[in-house]
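One chain, chain A, appears in both complexes that follow, with chain B as partner in the first and chain C in the second.
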Partner chain A sequence: MFGLNSQCVLRVDEDYKTLKDYEGRAARWCPGCGDNGILTAAQRLCRDEQLPPEKCVFVSGIGCAARFPHYMNTYGFHGLHGRALPTAQGVKLHRPDLHVFVNMGDGDCCSIGTAHWIHTVRTNMKLVTMMHDNNIYGLTKNQASPTTPFGMKTNTTPQGAYLKAMNPLTVTLGITNVSFVAQVAEWLPEVLYDVIRQAFHHNGFAFIRILQRCPHFTPDIFSSLLSEPKNLLMLQHEDGMQLSETMSRLYKTTERHDPADIHRAREIAERDDIVPIGILFRDENIPRYEQIVKPGHKSTWGQREKVLNSAFDRFGINADFDSANEKAQW
Partner chain B sequence: MAHELKEQELRSVESGKRATRLEEHIIEIISDSGEGAQTAGQMFGTILAKTGNSVWTVEIIPAEIEPPARTPAGASGNRIRVGSFPVTNAGDGADLVIGFNEQALIGGKWEDRYKPGCIILLESMWASHSDPEIVEAYNGVVDILKKEEYRLYEVPMEQECSKYVEDARRGKNMFVVGMLMYIYGRDLQLARNEIENKFEAKKPALVAPNIELLEAGYEWAEQNLDFRFEIPPSGVKEAQVVTNGNVAVALGIVASGMEVCAMYPITPATSASHYLSEIFAEVGGHVHQAEDEIAACAFAIGSSYAGKCAVTITSGPGMALKTELMALSVMAEIPLVLVNVQRGGPSTGLPTKVEQGDLLAAIFGTPGDAPKIVMAPATIEDCFYSIITARKIAETFRTLVVVLSDANLATGQQAFPRPKISKEWKAPPVDQSPVPADMGPLEWDPVTGLSQRFIPGQPGGMYTLTGLAHDSKGRVAYGPGVNQEGCNRRSLKLAAFQKTLQPPRVCGDESGDLLIVGWGSTKGAIEEAVARVRKDGLKVSSTHLTFLQPMASGLKEIMQKFKRVMTVEINYSDSYDDELIDENNRRYANLAWLLRARYLVDVDCWSNVHGRPMRPGAIEDMIRQRLK
Partner chain C sequence: MNDIDSMELDEPTGIESVSQTTESGTTATLEDNLLQLASGDLPHEPSPAAEDAAKPDAQEQAGIRRELFNFFLFGIRSQAPGVSTGPNSLVPALLHRYRDLKNIRHDYPFCLEGREASAAVRSLSNIIDELADNVSDEGDSGARLRQHIHSIEPEIRELAYRERSAGLLGLWDRAAKNLLAKSNLSQEKKDLLRDNLAATRRSLTDSEMIACAPDSAQRLLAGLARIHWRERTNNLREEIDSVQQQLTDLLSIDFESSEDGLKPDHLRQATADDEEIDFDAMSSILKASHLDHQLPEGRKKRIRTALDTLQKAGPLFESELEDPDTLQASPLGVDTLFDNAAAAIEAYNARMEMVVDFFRAMAIAKLEIENRYREEAHDDYFGRFDVKYLDEHELTFCPPVLMSVRCSEIVEEDLNTLLTLLTSRLPVKVLLQVDELFVRETTSERSDITVNWPARLAGMAMATANPYVMQSPVSHLRPLQKGFLDGLDFHGPALFSVYVGKEEHRSGLPVYFDAGAAMEARVFPLFSFAPGNGRTLAERLDVLGNSQCDRDWPSETFTYRNAEEAETTLDQQFTPADFLLNNRLFVDQFWRLEPGGRHDDLMPLQDYLILRTEESEDRIPYILGVDEDSCIHPLVVTRNIVALARDCADSWRQLREFGGVRNSFAIKQVAEEKTRLEAEKAREVVAIKENYRLQMDQDVGKLTERIVQRIAHQLLLRGEAPAIAFDQAPSATPASAPVPAAPTDPAAAEAAPEQAAPAGEEEEDEEEDEEDEGIGALDDPYIDTPLCTSCDDCTTLYPQLFAYDDNKQAIISDLDAGTFRDLVIAAEKCPVRIIHPGKPRSRDEPNLDDLIKRAAPFN
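And then the complex of A and B:
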């Protein structure tokens, strides 16, 4: 009985929204693309929370992941490469009543949009950010991204990637005002959904890195994680991610990690022998930019007139014109 | 003390040192940075305006915060042009210059800012300085000034001020205001009031010493100077406001009903955001200082997309960084106002100095076809109203409006009639009504290209805005007809807007030997120059363009009635004086390019990139030479 409340009890059938209400155009990602799973999770979240579609805005940059908003039946902003976060901030500041989501790829977020990534973490506005990380530039066809593993051959690194991959988790956890950092994988739908849901309810900027396979250029990049569940470190906590019985039977490498512990979160994020899955860090008490700067005054025309008049008084002359002029010293 | 002085004032009026009556005067006050010449200039300019003169003041700003002392490059101060007629620009050479040291002062002479033989009041303390090199430097400058027959008065400012305060360096500026109050015959009480207004709230202890210094300056001038000037009031009695162009922009933003201004610090645009930050929250607005120029523009676009039109303020280098987002605003039909307070370029160029070099970049700088509206305020008053207009146009035509101000307007102060607040300025509330079924987000009218904007929150209007080529339903599509249609519709909006524009007004006769076409902050100087040569019978007129893209109809007809047409602009153009330049390779000033391309008229141009406001005298000389 989702969406049942006292106001709409009599119209529950017509008001209740199903998954179909959130489906936009048919997704045109490649067959087997991990983005499809992320889309399903987002649609499920909207359905479960019964979000009015017109009150949701999915903002994206450019890249395969950035096609996301087209496949949602909500408002969408498919903007510029790297610029999804500042655009989403602008939406949220002006319209705090809207639910704002951001979808970016690893190139979008960790390369061309890096400055915005860092500063958006710092402003801690209430945004749910999904960083679809397939370790490659897919749409432009196989160039190394900041998260491409060292030595991987791509079209721009035919001898193998020159540099060690960037770790988006340690970066995010190092930024002042960080308030929610999680890592999940698209092939774990249950966990993916749970983390996105918790991110949605987080009081601030939620950053989710989603490990995602590109069927063309990085189909096997996470194969060791798929074939060997022990290579995933499941972070469990009553205040964080909780695994179902089925999942617990499959994924046995676990750690009881309290998302309030940033030091342990940073240690876990640093590990390169194992891949953590779950909520690394959460702090509900970091002030949000939109609350800090939220104007105390109402935006009424009367208020504007008042402010303008006092400004014109401040810069005004000739109010005392005659008396001033009479005293000229001649 | 105050009482005694009042008597002295009266005596001086009675003894009647004859004041020379003049139509206008230009004063410059020059000090090292931090010595308060700017404060003195602003204060005295305000007093002149309050006593009925028309006044234009300009800040003289060094590029560094604390440049080395006693250097020409470190000069900081103010130029005040005061007149009995409406003053519209900073004018030609200064008539009276006050220097706190000879090096800062002499820089103005090298830059040709002073009238030959003008009055110079120079701090004399350097003549007896303990450092012989300084003494030598001082004497060197004094020799030059004397040799070139400037009317030099050496003023013991430090010596006089130290009678009243311990740190004379910090109080000299009020001594200077005192001298000016005497020279220009203004009631000293007005200056006392200004000092009280300035210090009473935050630093009340400074009121008394500053008033003492003010009175000391007045007294010294009375006893030692052999000249006074009377500049009769201009006769303006209506209520006015005095601001610089950036404050006018900020007030325009408040008046326009916008709620979000996103910016990144850049000279000379930032001060608009300073003032806006002070008052914007009171009307429910917010100035967002973003991490960079790009983020500022993206933030403003996000805001605009979700509701009321937003504004981003920048200067040339910042506009260059925003280019891709400017195209997005056009492509996705998101209203946006971009204010570019132009400075000298290219690259980092001349950050504190004026240029009109961004016109072509604003119109054509975006790759692909991105038709946008570009307008330029010509006065400080225009800076206020153009923002209100720009917001309305941006929302009505769902597009980007670029407002090209410049450093001359940004730092110049001028009085203009106090705006009468109008409800028409008001931005409409954010539409949250349901969208009719089957209505698409970009249902372009085939004639005007206009369409209804859907705003998040409107039930039934859900669509995904995109910078990719798209059809009238907002769907990404790459077919050959789709992009053609989209580009066509966006272009038609400009044509539709263009049909609403009034033809330009001609200043002077409707026909003649020479027409000068200008845009932006040069209007006052051009019209003054034209008026001067017309007095001598030269058949010269001028016209000034507010909208540069699109341009109003009627300009061609105007141009055809003149034997020659030329633009006067503050930007670069090649000169035929250079051996290699001929008609095959000459690069024209920004507006001249546009006019030549559109109207097939052989438009000439005269422009420079000296980084300073156009002087009416220089334009006048140029006109006389061209018409010889």
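And then the complex of A and C:
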């Protein structure tokens, strides 16, 4: 109309925001902690998208990673252990205009929060979930988590972990309505940022497992991946992750993987010999819970009174029983 | 949660739509200052709670139907329950999203700049974009500056619309002040905004900004005419100066050798006042030798007259007026707008007379300069010299006369003169400002809406095939600019019919949308008719500037929230009813229905208009309007509006056909040609089939004959091996085909390239290794910044030496602030091993050998 379209509407936020605008308190993670890199990636995303800080919410549970909201100059909710996801769902359901991010550790997500994790995947609400996986309970000083590798000695498994580690990727890919699953490593800042950005633009629940070193308890757990780039399998695709020229030179073990192919995604996720990096699966067309179940209009006081009166009339001593019955069709 | 409590909660302005941008998946880089409308802004249907209030029963329904028909047929409105009156600041559904004009980037306000007419119009958005593009800094500060530049645009636009015309710099200052006053930013950020805006302002030049208003068209025409005329006469002005100079030279040389010129006093003035020269003696010597070379009196007189004429004609070719703001400038000013045909013709005649005198003087001057003027031949010629003696090129130097009339002020005699003008050859350029498209004709029995016929003068003028004609609403600046310039270029008369609307008739929408709506609704289509472009209608007429030309009404998707709050879309067409909704004169032709007043016989006008008369008898048409609270209301329209819509559709279809879009003659001809070609092809197919059948029969016959012959031959030979070969098919002689020379050992040949390939790869690898070594062997320390994980190790350890960049990734901030030892320790500490200490810069550091050894693995 008039040679104009909605793209001609100029809405300028007068305040250009830099990374500083998204920085909360100084991070108190240990120097060398992988959480720092994830924090920077999240702040870069907010800066590059120029998200208004007051329209962002970072929700967390308990653990080192759960300190995340404190270090973001946005709204945040440092919640209960394992309960980050239901909190985030509540926020999103009532304020669909907000950008909701969730930060959980491996213990938070895969242990005490497992039930919420599974059902949040199923509800597919638009959330970006970053699972900081350092394979250990770091905040409480070195206890085995569900993703601790078999045989690793911790305070709770002095003889070495008894069980094979859980694979969060295969679990997530097996849940009904799964719509976005990715795996990245915090020491690959470019890839980390790219995947978080794509997760942010995903139309549904995005689950990102981020391999992260704990400088105190698992400093060398990923050393084979750091020193030998060939141990990382880079999943590249036009619709998925794309490596820069520099990264392509460094990481030569690649596979062209279409994120729409869930069967191949599951096969890749199950591999023990190599660690996949990139977007394993994405489907933009899974229905979202907050779109299906919209909070409806509240009935007016008058309407409520009418319904209540007709209900009471059924039991009223002097009421005309038949006419009350007729009215009470609610 | 204490950390979060302290954060700044000030809400910046204009943020409402950002969340929706990301929902829809667009990346919010700086370009995305152009954002999608937030879905929160979507218009909505009234909530069902209100609808529950009263469901009319069958009897009430019949009553409502009767009321609606009374309104539709006779315009009679009753105060029936559930039905309210008056559109009350309703706008057509499709225009609701554009209510906030200041945030909409369009061609207004604009300014006129430069000396090239075709590039003279610069809109505010162009200026702002250019400023933003000129920011060279790609980092955060550059992005912030661009954002600040963009943020002032809506403010300037709002001010420009309020004041209609003001200088850009003045507007900029006030807009910056407003922006800062309403900003909720911290003082530090406000200062930055102020500084950025002040710095940007310095690169601007002051020009008058013209907003979209009823007088914009005439200001644009006057401004363009001035620039256009200056451009056209540029060379001529230089020529006049040169001729004047040469004529003056002739006269002064003559004077110098005249008796007066040779007087001692003049000689003293003409040379240095030197006591040593005896000017009396000099005078007497010169007089003796020079007096014979005097110009004849006749020639001198001619030269003087020519000079006078050139002098007088000067203002005609001067483009700069003393006060460009006044439209009532000198009658010679090319941008003077006359308000009646008689004055325009008078001005034309006066100017033409001057132009004739001017070219006569020029011709005489040139002859005189070359001393080729022969009185016996030229006196008669120049004595008869008039307009007929001017050639086509010279005629273009008669400045066009501009005329501006308002449609509502035109009287019948004016129209006659106007039509005479338009059918003449005079370069009179008429701006017809159409302010009333339709008028009410009310008698005691009925009230009709009729077309104000001067509004359709453009169509009539086009029919005469003589003048240049352009019709456009004032909102469409680019077609206006092109039309004005083409019309000014055209040697004959031109008519610019521009819809500007009438201030007192407009209700909710600003001029820009009112005018735009006139075009979209097909009541005032855009077209240009340029007789100079060629001889055919296809070359002359252009209607393609209208939107969706192949349709009766342009349509667009209308998105809204229905009563159940679900986002819904509708294909909504823009009809004359939508246009008239903004006109106070026709407010009684719309009836806003409340939910209780709905009826099943109601139907959207766009669907109603395509029904046949008998089908539409039981239906009542309505359009959708949206009020200021974004609530959607159906508006029943009267049959007057329906008749007017049908009339507009008819005239649009006719214009479209003239313009070559869905031309019925062409369609008919194409159909006939198609039928003819199909019939021809069908005949050809039949003939081919017949030929094929005949050929087949023949071949089968021949083949049968040959088979029989062969069998007979075989039978005659008896006992010889049968060698039936009916024909020498190519497949029968594979052995004779030339066989390419096969490699002696194919396996080896295949293996060879394979062997070669890895060798090549190895070489490449070696090269890469060498390259890597090359990088690693650098003497200066460096960091692989893109690989930094922001772990804070190095920045905590040596905050003077290391710092973060805009992306919070480590860089060496000051190499002098640390030692080689510091670099080596940081490299050892870095968990991702991206710090490369290089070689020591100073040989004075203790334990240097040990440090170099420790640094080696990181280099």
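The rule we apply is simple: the second predicted complex is superposed on the first by the 280 of 330 C-alpha atoms of A that agree within 3 Å, B and C clash if a C-alpha of one lies under 4 Å from a C-alpha of the other, contacts with A are read in each partner's own complex, and residues count from 1 in each chain.
By our rule, a contact is a pair of C-beta atoms (placed from the backbone, for glycine too) under 8 Å apart; a residue touches a chain by one contact, two chains touch by 3 or more.
As the structure is a computational prediction, the values presented were derived from the model and not from experiment.
Enquirer: Going by the contact rule set out at the top, does A:V293 touch chain B (first), chain C (second), both, or neither?
Expert: first
Enquirer: Thinking of the overlay built on chain A, is A:A115 touched by chain B (first), by chain C (second), by both, or by neither?
Expert: A:A115: touches chain B, not chain C.
Enquirer: Based on the superposed arrangement, let me know which partner A:P69 touches: chain B (first), chain C (second), both, or neither?
Expert: both
Enquirer: In the overlay, answer first, second, both or neither for which of chain B and chain C A:I175 touches.
Expert: The answer is neither, since A:I175 touches no partner chain.
Enquirer: Considering only touches as defined above, state whether A:L93 meets chain B (first), chain C (second), both or neither.
Expert: first
Enquirer: In the overlaid three-chain picture, which partner chain does A:H78 touch, first (chain B) or second (chain C), both, or neither?
Expert: both
Enquirer: So in the superposed three-chain picture, is A:L235 touching just chain B, just chain C, both, or none of them (first/second/both/neither)?
Expert: neither
Enquirer: What is the contact status of A:L308 with respect to chain B (first) and chain C (second): first, second, both, or neither?
Expert: After superposing on A, A:L308 lies in contact with chain B but is clear of chain C.
Enquirer: Which partner chains sit in contact with A:K55 here, chain B, chain C, both or neither? Use first/second/both/neither.
Expert: Once the two structures are laid over each other on A, A:K55 reaches both partners.
Enquirer: Share the list of chain A residues that count as touching for chain B in one structure and for chain C in the other.
Expert: 24-25, 52-55, 69-70, 73-78, 97-98, 296-297, 299-300, 303
Enquirer: Help me check something: in the complex, which residues belonging to chain C touch chain A?
Expert: For this pair, the touching residues of chain C are 1, 3-4, 7-9, 11-20, 22-23, 25, 27-30, 32-37, 40, 47-49, 52, 94-95, 97-98, 100, 103-106, 140, 143-144, 146-148, 150-151, 153-154, 179, 183, 185, 189, 193, 475-476, 513, 516, 520, 547, 554, 556, 565-566, 574, 768, 786-793, 796-797, 806-809, 829, 831-833.
Enquirer: Quick one: which bits of chain A touch chain C in the complex? Just the residue numbers, please.
Expert: Spelled out, the residues of chain A in touch with chain C are 1-4, 6-16, 18-19, 24-25, 27, 31-34, 36-37, 39-40, 43-44, 48-55, 69-71, 73-78, 97-99, 126, 186-190, 200-201, 203, 213, 215, 219, 226, 244, 246, 249, 294, 296-297, 299-300, 303.
Enquirer: Hey, which residues of chain B end up touching chain A in the complex?
Expert: 9, 12-13, 19, 46, 49-52, 185-187, 189-190, 230, 233, 236-243, 247, 251, 254-255, 257, 259-260, 262, 279-286, 288, 290-292, 294-296, 298-308, 310, 324-325, 328, 332, 415, 418-419, 421, 423, 426, 430, 454, 456-468, 475-476
Enquirer: Which bits of chain A are touching chain B when the two form their complex?
Expert: 24-25, 52-55, 57-59, 69-70, 72-80, 83, 86-95, 97-98, 115-116, 118-119, 293, 295-301, 303-309, 311-312, 315-321, 324-325, 327-330
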